[in-house]
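Naming follows writing order (A, B, C and D), and every chain is counted from residue 1.
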Amino acid sequence: MNSRLAPYLTALAVMAALALVPPLIKFIAPDKWELTAHIGIKILLNVGFGLCLWMMLQAGELSLGQGGFITIGAYTTGILVAKYNLISVVWLGYLAGALAAAVIALMLGYLIVHLKRIFFLLVTWSFAEMLHPVLTSFEHPFGGAMGIIDIPAPEGLTLFSESWTGYYYLALIYGFAVLWIVWRIAGSKVGLITKSIGQNDTLVTFCGLYVRKYKVMIFVLGCFITGIGGGILASYLTAISPETFTFFTSLDIIMFNLIGGMGTMAGPIVGAVILSGLNEYLFAAGYWRMVVYGLIIIFFITLLPGGMVSLPAALRKRFTRKTKKQEVGLG
Amino acid sequence: MSLLEIKQVVAGYGPAVALHGVSLSLEQGERVSLLGANGAGKSSIVNVVSGLLPVRSGEVWFQGERIDGWAAHRIVGLGISQVPEGRLVFPKMTVWENLELGATSLKDTVQKSQLLEQVFELFPRLAERHKQMAGTMSGGEQQMLAVGRSLMSRPKLILSDEISMGLAPLVVRDIYDTLLRINQEWGVTLLMVEQEAKLALEVADSCHLLESGRIVASGPADEMAKSELVRKVYLAED
Amino acid sequence: MFMQMAVTGLVLGSIYMLVASGLTLIYGIMHQVNMAHGVFFMLGAMATYYATEVIGLPYFVALFAVVLVFPIIGAAFERGIFRNIRHIWLAGYMATVGVWMLMEGLGWQVFGTEQKAVSFPITGLIRLPGGAVLPANKLWVGLIAIAIMAGVYYLVGRTALGRQLRAVEQNPRAAELMGINADRAMAKGFALGVTLAALAGGLVSTLYSVDPSCGSTPMLKAFIIIILGGLGNVTGSVIAAYILGFIDSFGGSLLGYQAGHFMGFGLVILILIFKPSGIMGDE
Amino acid sequence: MRISLKSIGMTVKLLAIVALSAGLIMSPAMTGGVQAEVKKLKILSNNPFSGKAASWGFSQDRGVGLAVDKVNQAGGIKINGETYMWEKIQCDNRYIPADAVSCLKRGVAQGAKFMCTLGGAVTKPQIPLINKDKIVTIAAIAGGADFTNANNKYLFRTMPSADLTIAIEGIKIYKKLGVKKLVLLTADNVLGHSDAKTLKNALKVNKMSDILVAEEFVPIDTGDFTPVLTRVLAKNPDHIEGGAWPAAGLALLIKQARELGYKGTFTNLSGAPKVGPLVKIGGKKNVEGVIMLRLWPPDQLPTQAFKDYWAEYRKLYKQDPGANSWESYMAFMHLSAAVEKAQSLDPDKIVAVMRDLKIVSLLGELQLIGKDNPLLPGYGINNQYTSPLPVTVLKDGNPIIYK
């Protein structure tokens, strides 16, 4: 097996296996297909969001405003496609949503790129919080507290007998496209520079590289991709309102990285699968959901800071020798 | 019984080993200086004694008590006080507050105020500026504050680390004079790390020479000053 | 109306100042953004509710009980969860988020969904010149908030404990060399911050209602304040609290509620972009 | 090709990853495949069980739950000779529209053909799905013809809409009180905005538009109303209409208005907040004279059945039932009776039967109205439940029927 091709082959094989899930389930348990599709769609979109954040995290900064960029993507799509019918092709609506997210990310990123750590986190969080009063205050174009309804499905989804299969494949393509892009970037020169910025940006500056440019670039790209996902979600949910994506959406995206592990790209994927799967099962749990969430966070922070992907290594270590606590990823 | 005894101490930072089995002992009232190049392990010895650097193997005894493995804040209570490298005064606090903090391990308020008076007498500059923020003072004044602060715990042993760093020679001389006075008047034992070999040999009774984490030569200061090795390498004489 | 807006701004500012004090302190000493602040606020409010309405203690006795009990709770959380991870900024942040969600979720289970109320013992209405009115309970809560804040200033600025806390904040290593147990000092600082949050809960909740998520809105305000004031800067947060109080009062009265909310966060972003050290920062 | 240990390891890893990811996504399909002996009819309780609206969610869920138990204890319902038992499945939508849509999809996936939900904001985005999948829904929503119209055949409104509360009873009450300067201060959500629309229309129809001096929308979780009250009280109103506040919000609004020296009256006609917390938070003196709809004083319950319901609810949940609990109880009883009468599980047949079926429930006769009713403009379909609507006023901390 050619080792350079191996990751591609793995990804392709997994993608093919996942693409076979709909016919398989429709065959085994047709009445479960809708629920399976629903969970699958959520997981795959979340994988995309988690990977975008992971990419930014490589540059050393953590955004707590990703829910805000999903909102921007979703609202732009909704406003253009559903509310005012300015664009007749939904796919172009997604593109517009992504562009809107990217433009806003560019402006914000340019202004805040010098901030570090908790300051970056807080400013992105404030930005996402600020969207809420703006969206509720203006009936035009945001639809006020009501939000936007009747957002159509993208063209071509009617190829499938019911829309859920279509959304499942759309989410599948989205998830793997993001994986591909993020993987390519991580392996490229830009990726290496970003990573070194994350580890020591002063040193990178000394190497004659313009740190700000790269940081903004990654931020904008991440938000662009997140914006597309927001558009897809808008279609899938058919209705969005200011409360649709909250602080907890942004937090979830961080949690994917935290639970999965921030060291490798597998981290956010594992985290998104586990957490969004769990989330769907906890819907009936009411307040226990918060309790479970809290326990999960505390568990991973205190006992397994390297996330799920570090579990094998942590177990191995535990059985061989007790050593000092690892601090993978959590700079 | 020696006041301080270090036996076969191995210590280091992360994977790097800074001390490879160092032993030395100090008698009550002695003035000892540690000589050596950058990274030879002088500061490591001081930090091992004050508890900032954990010991990997070996023992540290102070007044018949084994103190390796103790936390730094407990060791202060025994009467070991450090004048740390880079002074480390609290910049956003007044001179007076810095001195008060130096006396944290003392419970007796009468003794505390007596000490404060004595420190102010030793360093009149500190008395003049007791309301000033430590961070706004000159380097020399900060060093005086660091020494004064270390006196506030009524120590039996003072560990000083690179007092001369970045200061004008006259100021350094002044501070060492005060340290010698404390040594004579209060009977405080001194373990000094000093980059400037000439100074180190002048202010100390005896001297240890370190190279890459090991003591390579020891002896009374005047003898050491005459030795070939020290003269060539550290005093840069021909 | 101007007079009324000014009075409301002052009252809100005092309340916000109290709510933000614990958060400022914990950031100031431990450099930790405490997302569980709102939960401790809520627990303080709940404790006051159960002490007064269920057990039947007089209100101020209940508040005193809060002051006695919450340092222990705070120290327990610090020892159990935060001590080992506090040097990793993200871990510290996320752990407080975890505590927040855990405690709020448990709160809904334990305390139920019905909103509760604690009544402040002093009632009445004070008429001020210019047609403004000031409810006595708000006046007293505001005055107590100022008194507590003065107490915090005294404790941090004038006492041995305060000196130790500041020493640990400025240089934990040097503090150790002074004979200060840095771990224990930080635990004390955290306990103090938690107690202030709980005390704020017990006081401020008398003006509003009590339920397991009643700490969220105050916490949001507290965050705006500590960022505006410069993280960890006590004086800065006091000034920022009154600024936000006036923004909420004047903005809400002249432009509508959402405008006030928007302006608060807008100011936060501007401050963070152009002067991350806050309005009282050194830069 | 040389087979090395490494490449074997890689293949194993690859297979493991494929199996794991496919398995994780398919796991829901694998669970719960066993078919029960008794046939089940599933109703999805798509309600908020956490967050600010949780008390409404529990109240509604418990009402439906009691009704489900009642029908099941009586032996379920028989359709074409087969016995069906009701089963209620819960999903916490946190009062967030997107979560409600997710919940509905989950419910459909779990085989629910019926649903109860509440809140205009969370119901609105569900409507396309409700219509597409023909989910027979009983919902507590206030907005008018936006929800109840000929397009939404499967959506039944359990609570009186703003057209019945504000537009009819409200105007009566305003006239009786002699309101000269009215302020609407309501929640900044779908409910609040639709109440505002209905109120303005009704005032226009009655040629009273000039009495409305201000309308304000503030978030439902507002704690301090002082700034916005300062703004509206500058207009010297003599009446404040709250619209649809839950207990805590209304209580704080009233308390703070009184503290600012407001002497006028209050109504809260859309929502039916619980009296206990309202009085406790607002203070007995402040909330005196507040007029609300849909609230029954516990000592003035109209029928024995209602008294029994009240007692059972109190016994189970240690508190008085909220309005939407008995409204959804009655609506579910009606729905269940309609399913049995239709002798079919076809949603179209069921809803057709529902529209004409009259049953006697807790508050007497229950029926659906809306079609050709001049009081309900634009409804065009009998999807609005009606039952006696009490007007209550708070006196000394207790609700009594307003004369």
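In this section, a contact is a pair of C-beta atoms (placed from the backbone, for glycine too) under 8 Å apart; a residue touches a chain by one contact, two chains touch by 3 or more.
All values derive from a computational prediction rather than experimental measurement.
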Going by the touch criterion stated earlier, list every chain that contacts chain A and also contacts chain C.
D
Counting one step for each move to a touching chain, how far apart are chain A and chain B?
2
Please indicate which chain is farthest from chain D, where distance is taken between mean Cα coordinates of the chains.
B
Identity of the most central chain, Cα criterion:
C
A student comparing A-D to B-C should find more C-beta pairs in contact for A-D
Taking each chain's centre as the mean position of its Cα atoms, how many Å separate chain A from chain D?
33
Can you give the whole-Å distance between the Cα centres of chain B and chain D?
75
Can you check how far apart chain B and chain C are, centre to centre, with Cα atoms defining each centre and the answer in Å?
43
Whole-Å distance, C-alpha centre of chain C to that of chain D, is 36
Multi-partner residues of chain B (at least 2 other chains):
none
Which chain D residues reach two or more other chains?
50, 54, 188, 217, 219
Of all residues in chain C, which are in touch with two or more distinct other chains?
108, 256, 258, 261
Which pairs of chains touch each other in this structure?
A-C, A-D, B-C, C-D
What does chain A use to touch chain D in their complex?
1, 6, 9-10, 13-14, 17-18, 20-21, 24-25, 28-29, 31-36, 38-40, 42-43, 136, 144-147, 149-150, 233, 237-241, 243-246, 273, 277, 280, 283-287, 289-290
Contact set on chain C toward chain A in their complex:
33, 81, 84-85, 88-91, 93-95, 97-106, 108-109, 220, 223-224, 227, 231, 256, 258-259, 261-262, 265-266, 268-269, 272-273, 276
Chain C partner, complex, touching residues on chain D are 50-52, 54-55, 58, 188, 216-219, 221-224, 226-228, 230-231, 234, 247-248, 251-252, 259-261, 274, 276-277, 280-281, 283, 319
The answer for chain C against chain B in the complex is residues 160, 163-164, 166-167, 170-171, 173-182
Across the complex, what residues on chain A touch chain C?
62, 111-112, 115, 117-119, 121-123, 126-127, 129-130, 132-134, 136-137, 251, 254, 258, 286-298, 301-302, 305, 325, 327, 330-331
